[in-house]
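You will see subunit A twice below: alongside subunit B first, and alongside subunit C after that.
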Partner chain A sequence: MRQAVEDEGNALVVASDTAGPEAVAGPPGRRAGPRGAADLAIKLAGVLAVLVVLELCSRFGLLPRRWFPPVSEMYAELFRLAAQQPLWVEVGRTLRAWAVGIGLATLLAVPAGVALGSSAVAYRMSRIVIEFCRPIPSVALIPLAVLVYGTGLEMKVFLIAFATFWPLLFQTVYGVQDVDPVARDTARAYGLGAAARFWVITIPSAAPYIATGLRIASSIGLVLAVTSELVGGATGLGRAIVVAQSAGQITLMYALIITTGLLGWALNAVFAAVERKALRWHPAQRQEVAR
Partner chain B sequence: MKDGRVIGRRAGLFLLQFVVPVALVAGFGLWSERADDFFFPPLSRIAADFADTWLFERVGTDLVPSLARMLAGYAISVVCGVALGVLFGMSRILRTATDPVIQFLRALPAPAMIPFAMLLFGTGDASKVFIVVLGTMWPILLNTLDGVRGVEEQQLDMARSFRVPATARLFHITLPAASPRIFAGMRTSLGIGIILMVVSEMVASRNGIGYFVLQSQRSFEISAMWGGVILLGLIGLALSWVFVRVENRVLRWHRGARGLLPEPATASGRTGLPRPTTQEVTRA
Partner chain C sequence: MLEVSRLRKVYGADPQAAPAIEEVSFEVADREFLCILGSSGCGKSTLLKCLSGLIPASSGEIRLNGEPVTGPPEDMAFVFQDYSRSLLPWMTVAGNVSFPLRYKGLSKREAQAATDEALDAVSLAGMHKRFPWQLSGGMQQRVAIARALAYRPKILLMDEPFASLDAQTRSGLEDLLLDIWRRFEVTVLFITHDIDEAVYLADRVLVLEAPAKVGLDVTVPLPRPRDQLTTKALPEFAELRGRLFSAIQGAPVAR
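Let's turn to the complex of A and B:
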């Protein structure tokens, strides 16, 4: 999915860099039809190959079977779990903290980012504080959060909001600072007021950056949700994994780990789709600042 | 006269940076001395505890093992991530085939694998290094892959037509052109690495900063816990400072090449892909 976006971006570059006939004839854009089907087949083959190798490794004892059961058993367990309610309850608990935390972080970070991005003095004044707070590993605050908020939803929300605040803030600042000066000057020359410039120029050009920030935040938020359950002991997928491990239900543990991975993958796919929508109208302006 | 004013303004702007941080620290210090809050002990006590603990009593027992595990995992990630990224970047079939698996592993929150790592490697150093590798490899790999794909085809074609051998093409064209992206990935990974270092030490561990912070909390030594949190912040700051220095040095040629471009970059200059430089061609 990301590759499609990038191909589009490259195509644009090719088309604008070389105005020759070959650029018009066929920039490497989206491949449709047989190429897409072949890609899908290759992807499926790749996944199958990995699964088969893992299965054989544990069947033939290359990996100790007691600790690493065959993949087929893990998936059987996963499907059995998916039909039951408890798994979805755990997923819901993790997701709720994730959603509230990111929502809170967005509400705080985007206005702050707009303010810092549009005022050079404000940015300068807060730069050191931001630079100091950002690299503080959010997980270092787990003990504090457990002390202050206990082991409930609040603790998770605090940690997720703290951790996802920074990427959102930075993306917003970059987005606001990176407004095309020509567009801004043009708007000014046409006599648009400050408020109109803000809504018509600044916000649309910062939107793709904020979308990227949201995608980054979504994966960081999930990491923090799982970690706080794992270390802090709040209920959710992370805790379920630890409980399964300490109860010796290894297959269950793997099924839960796979669920967590699939959840992360699904969230990432959703946000990547949103991001693609947000930057469809100017793909070449996109610059991924972080992951 | 005019110069004096410019210098004065520069100095003012420079000093402006320190107003807010100093005000915050001073404000917190004053507030915490009086507040008598259980969770926020006086700053002076945190500072005293910090000095007691980390100068240099626990440096050998906690700080060094933590950093060693983190850097070992990070180094493995850089080597494997760049190697695999170059491989996948050059081969379309490999790239397509491994894409779903990589996307899955990248999306999987690494701390969820801690129980797995403990089963596989026990509770020693190996499992912690494994967790760091598992979390830090993907940004490097994916950025390298994108960087390698973004290398100008004409450059490679030209090198081929001059019969430049494949290894020379790799080291003189592909890797330099991909290096800005590789460094972007490495920077992301550095932050993740610090986080995973702490998390991995919070579960089933006998030493390390993460272990120390959690232990302090569990025994309600709040100012010691704050000392650990501050230390982690300082480590993050120091590592990213070192990283930026290294990056600036290694990528100086790239910045220079970019500096030649007009400041408001056009749409085509904004793709985040490295622009080709004449320097590379001559080196190749």
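Let's turn to the complex of A and C:
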């Protein structure tokens, strides 16, 4: 992924260099106008088609109605739930663990990544330990987490922090290692000491990588939050899904599943928007603007 | 005055390894425009990095106004060939020009004034809030030159600054540089592999032979102010260019 981002970046840098001698690229524009509207219409048509097909399959018995209620009923249930407090309490519980877990992982992974990225020796020393820990599927740690932390918030936070630590760590390491030597030489030639170079050069260079790490961590964190509730029995959306299922409230179960999907989508959209705004100087973002 | 005496550079720990710079000695007078000419791989960039204190020399000495150079000196500014990487993409044009100034101890207001003046000198007034990547190559290199100017150096080191620009942009920037050199009263040490560029710009041209030793040291007697058309049409220009050309041709080619 890091590679992809970088390659796109380089391609763009080359392209802009060969542009006319004194041409000035305009300020990045917003995607809008008739093309944007048409694009949106096509996307919405796709969503609508899927919903209609699902609805008809259920209504005409192509799918067993008992297990696959019509989509319209699921959404009706969802809207009914959204008007009431209990759903939001569950969403809050899930999100709280998500936020604390990712926050904790960030606090640990970013400094660790900076340390490993800055020191070749530290990186080589920790390499095997990291390669051993990283592939452990976080869900395999649920029994351990339940044993140590019980079935509350702490257990969820531990699992989320463990799972999201790795992408954040690696993105930070890559980001710190990928500082352009010319940029670093420039800062040195202009008399910036090591500490100044860290803040002026290293951190901004690594920021796009860390932002990507956060976006990845955001979706992994949500998966772990819901999983730990489903399997570990902590309260939250995952647990609500299990309860609905065992009570035979299939429509409610679907409405809750849709809620988790919407949550993941919304979180990703928020992170992508923040990335776009804060890092609009980065080649990957510039290209998106130019598209 | 910059004095380089018996400078030698060998990369790595092995003293028997082939040197990047065999042995170089020369002096640059204050406000002189010196071009160092050499084919690629002859050690030009290594030399400049040693002079700027970015990398340590293996032996020999570099003195700037009598002080030995052990790290990047305050009186020295550097313009890199690769402007798109030397300019920081997350900073605006003004940010790129001014960030070294704050670390040099200038107040915010002083830094701003210096930035305005420098951008003005390279005809980029009003471009403060642009980002480097929104500008053409020539404009980006002008931003890098503005950054060097705002730093108020006594000596300006330039490592093939115009090598990746098209011919038209390049001759425009050569004239801009001559103008700046005169107005800001700086010493310029300019590295290039382009013979015409060296003769057109310099007071004096050093030819480097691989592995970086001074092969030829010639004074350029062409009158100033110079002009792309008339200066380059002078018989002295052709004569000098011929001499330098055969000197470079005769120089052993780098591996």
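Miscellaneous remarks
Throughout what follows, the second predicted complex is superposed on the first by the 251 of 291 C-alpha atoms of A that agree within 3 Å, B and C clash if a C-alpha of one lies under 4 Å from a C-alpha of the other, contacts with A are read in each partner's own complex, and residues count from 1 in each chain.
One rule holds for everything that comes next: contacts are C-beta pairs under 8 Å (C-beta built on N, C-alpha and C of every residue); 3 or more make two chains touch, one makes a residue touch a chain.
What you see is a predicted model; the values in this text were computed from it and never measured.
In the overlay built on the shared chain, the residue A:V114 is in contact with neither subunit B nor subunit C.
Applying the stated contact rule after C-alpha superposition, one finds that A:V200 touches subunit C and leaves subunit B untouched. More subunit A residues lie in contact with B than with the other chain of the pair subunit B and subunit C. Of the two partner chains placed by superposition, A:V71 touches none, neither subunit B nor subunit C. When the two complexes are overlaid on their common chain A, residue A:D180 makes contact with subunit B and with subunit C alike. Of the two partner chains, subunit B is the only one that A:L222 touches; subunit C does not reach it. With both structures placed on the common chain, the touch criterion links A:L87 to neither subunit B nor subunit C. Shared contact residues of subunit A, touching subunit B in one structure and subunit C in the other: 13, 16-17, 180, 182, 282, 286. By the touch rule above, subunit A contacts subunit B in their complex via residues 6, 9-10, 12-13, 16-17, 39, 42-43, 45-47, 49-50, 67-68, 121, 124-129, 131-144, 146-148, 180-182, 219, 222-223, 225-227, 230-231, 237-238, 241-242, 244-245, 250, 253-254, 256-257, 260-262, 264-265, 267-268, 282, 284-288, 290-291.
Across the complex, subunit A is touched by residues 49, 52, 54, 72, 74, 76-78, 80, 82, 84-86, 88-90, 99-100, 103-104, 130-131, 133-139, 147, 151, 164, 166, 168-169 of subunit C. Interface residues of subunit B, counted against subunit A in their complex, comprise 13, 16-21, 24, 39, 93, 96-101, 103-116, 118-120, 139, 146, 149-150, 184-185, 187-188, 191, 194-195, 197-199, 202-203, 210, 213-214, 216-218, 222, 225-226, 228-229, 232-233, 236-237, 239-240, 264, 266-268, 270-273. Residues of subunit A touching subunit C in their complex: 13, 16-17, 19-27, 180, 182-183, 185-193, 196, 200-201, 204, 207, 279, 281-283, 286.
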